[in-house]
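Have a look at these structures, which come just after this line.
Heads up, the next two complexes both have chain A, just with different partners, chain B and then chain C.
On to the complex of A and B.
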């Protein structure tokens, strides 16, 4: 078990090294959230609730997109650069390595937090934070929740090349579903039910509970607990799926000479 | 003693789609193979012979459709993790490395995936970087490495967890002659440490130079196996005795006299300007050589060359009949 943990940590380290080698990575992390922040600033001027959504919504969008990048594009890249077989044929379970890898990108995702917060403060758009420790906890919880959903999504990318076609739908689907930019209560009934099954929906609520403009003023305990429970359940589901996927991968891999 | 690799009736088929509908392709068709510990074993075969499929099954990346494959006594289906711990592998080409990590980081990462950590991993990586001649480049990102350097790093990475079996899939493909020679020398050095190596290749001189034993595959079947010298002996190709003469033309009588000698299968006379080349095909090796020279000495002997059947002759005869 200690050996698995160390392998997972090495995967995190390798991912961080690769992600931070190029300034382009940070540009990629910053573009989507900054665009949303600017749109928010023009469309919702003077509204504290609106600006809370603009600043924190764009932060959460940036964080999720960065994590999703590790779970999708980076795994597709592992496939094309032929390093995926090394992970799959190692004695350490594939899920452990990919958890490490995705957590690496979850750490990189805090670059989105830094970029958006800096721009928001400089532009005088930063909303009033009523509970700073809760905000930090909410952001960490969101990064962890994103990593667990990313791990679940990554199964598809490991199993089939065709998963690359799902890219935007999965990335932006979470923007829409998890209440990053607006409360999930405005979603139609069945869609809202699906949103409530995702850990990011609850960790986003923790973030909004920490700033002025939270629409329902609920206590943070419930969303924290639900977010953690759903993240644990998602991780478990991903690990079980990986066990099935490994068998499928080995049974159905493409022919070679 | 447990065989390093043992395959029994190993079969792997793939379902492919074409315009005519789904089709079953047999990549390995009931392969029986045994490789003893410490052997450098070559697998030869044309494209589509099943070489890479065999390597992928032995690395646990693929499941066999039927039959068994065991590595160091462990079945690849029942004990994949024991097999993974016993095998190091490289696939040909310059992919399969993390370009944005340094050479040393690639090795440490590979070590971590196989349970080699901390000081042991750092010591092992340093030792291997020395062995493969990459100590000076260890801190450079791999994307700056040449193809030959990458291939040497592949070998080092495959050895990080000290596996008793190394699977090398066309390790010199695409390398320039100098880099290919360095890799071959490295493979020999690795074998001298007692490792078992299974190497697939298209290159006959490489197989002849490196391998203790060979298997020839075609369309997923084992056509022949044995030492390189045994395979050459099995070749139906005759020995060729070539004599260059320069003073007077070789007439019909001389050709008839040579053709009458024991073991001579055929005689050809090739005109090359002022010289002639007499090519004698012998089924008895170089046995008729002296008699051939006696019958040609009046014509002014210039050069004599005896060419035994090569591994390539044997291979071509086996694969293409």
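On to the complex of A and C.
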């Protein structure tokens, strides 16, 4: 168990070092979020709901994009640079290393919070009254739930090179599904049901619940509990899938395709 | 003249094929179909959640999606020359630079127009977009002008691909700047003055206004000033790209290397 922890921490450390010098990280934490900040803030000028969508929606988009990077393109790069077999054949479960890597980017994802909040304050786009402790809890919860969904997504990228083709569609699919920019209640029935099965939907709701003036402000207890429960279930599913994959790699005497 | 036209079409086709040599069909569908449709959905639903009409966002994002071709496609076509170590041959070739680089845009303009059409069709089906008044001659022309102008920006960024490896970052900045500032999701006059000024020097701003006008049943004569403005902005980017290529080529010749970053 101690060796797993050490391996996970080393993976986090390596990922942090990579992420802090990566142009991709900068793109994830700043470019799309600032663009969405402008859109949300000026789409309906003077509207607290629009302002909340702009500031917090862009923050959540930036956080998820940064986590997604570690779970997708970074793994594709490991494959290209032929370091993926080393990760897979390390004497710890593959999931442990991947959890470490993805947690590294989950930490980096808080840079999106810093970037968006700083620009929003400097541009006078942050007149919202916020329940600060609930907001911090919501953002931490969102980083954790993003990491668990990222871990599940990473299975595809580790198992098959074909997943590289999924590209940004998975990343943007979460924007659509998880209510990062609007309440999921406006999604059609079956899609809304799928959204409610994802932990990020509930943690995003906690973030919006911390904002007075947002249309869907509400008590946060249920979303916090659901987000944690679904995050645990998602992590468990990802670990089981990794174990299944490892068994197949051993049987075939060949890691991934 | 015939040789130049043949070269224009041939390099365009090969460069387009080379761009997707590594890509599976599913990868193509996900990046060229799913991403634009998801982008349309996100911003149309954001507008709806704020009590705004989603139709204008559907049109805006459908047209802006052509930047996947115009910016990323064009840019990556040039970046690919460097990655596949064919840049030296391209620079050493005695062929007309305007034709060899211009040809790389051709397939992206056509493909970009298909992406726009796909986005609008999605808008009709999912968001009930009404295109019954669309000007059937003017609208495709406006698509072509807009995508061509955006490709000028892609070509300029592509020239940067010859001197930097962080080309995707530049592409992302360009792509998301177009999404935020060019009237894709909100009218340009709702932006603060400095951002409005930036919008005026970007491709897409006037082209998108022309597309909206023509889709609402406006005449080609009404849209002509906007399209002329879009062409002018696009031409400025092509000219800047050409000058940048010439400058990079001169520096490369002087240093006797193409490794300029």
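The working rule: the second predicted complex is superposed on the first by the 236 of 257 C-alpha atoms of A that agree within 3 Å, B and C clash if a C-alpha of one lies under 4 Å from a C-alpha of the other, contacts with A are read in each partner's own complex, and residues count from 1 in each chain.
By our rule, contacts are C-beta pairs under 8 Å (C-beta built on N, C-alpha and C of every residue); 3 or more make two chains touch, one makes a residue touch a chain.
Being a predicted model, the structure only gives us computed values, none of them experimental.
Enquirer: Does the superposition put A:82 against chain B (first), chain C (second), both, or neither?
Expert: first
Enquirer: With both complexes superposed on chain A, which partner does A:3 reach: first (chain B), second (chain C), both or neither?
Expert: Once the two structures are laid over each other on A, A:3 reaches chain B alone.
Enquirer: Could you tell me if A:182 is touching chain B, chain C, both of them or neither one (first, second, both, neither)?
Expert: A:182: touches chain C, not chain B.
Enquirer: Looking at A:133, would you say it contacts chain B, chain C, both, or neither? Reply first, second, both or neither.
Expert: Neither partner.
Enquirer: Going by the contact rule set out at the top, does A:190 touch chain B (first), chain C (second), both, or neither?
Expert: neither
Enquirer: If you stack the two complexes on chain A, which partner ends up touching A:17: first (chain B), second (chain C), both, or neither?
Expert: first
Enquirer: For A:92, is the partner it touches chain B (first), chain C (second), both, or none of the two (neither)?
Expert: The first partner, chain B, only.
Enquirer: What part of chain C is in contact with chain A in the complex they form?
Expert: Contact set of chain C toward chain A: 23-24, 26-28, 30-31, 34-35, 38-39, 41-43, 45-52, 166, 168-169, 172-173, 176-177, 179-181, 185-186, 190-192, 195.
Enquirer: Would you mind writing out the residues of chain A in touch with chain C in their complex?
Expert: Checking each residue of chain A against chain C gives 23-24, 26-27, 31-32, 34-36, 38-40, 42-45, 47, 49-50, 53, 57, 162, 164-169, 172-173, 175-176, 181-183, 186-187, 215.
Enquirer: Which chain B residues qualify as touching chain A in the complex?
Expert: Per the touch definition, chain B meets chain A at residues 14, 16, 25, 27, 47-53, 56, 59-63, 81, 84-85, 87, 89, 91, 93, 95-101, 105, 108-110, 112-115, 117, 141.
Enquirer: Touching residues of chain A toward chain B in the complex: what are they?
Expert: 3, 6-7, 9-11, 14, 17-18, 21-22, 81-83, 85-92, 97, 247, 250-251, 253-257
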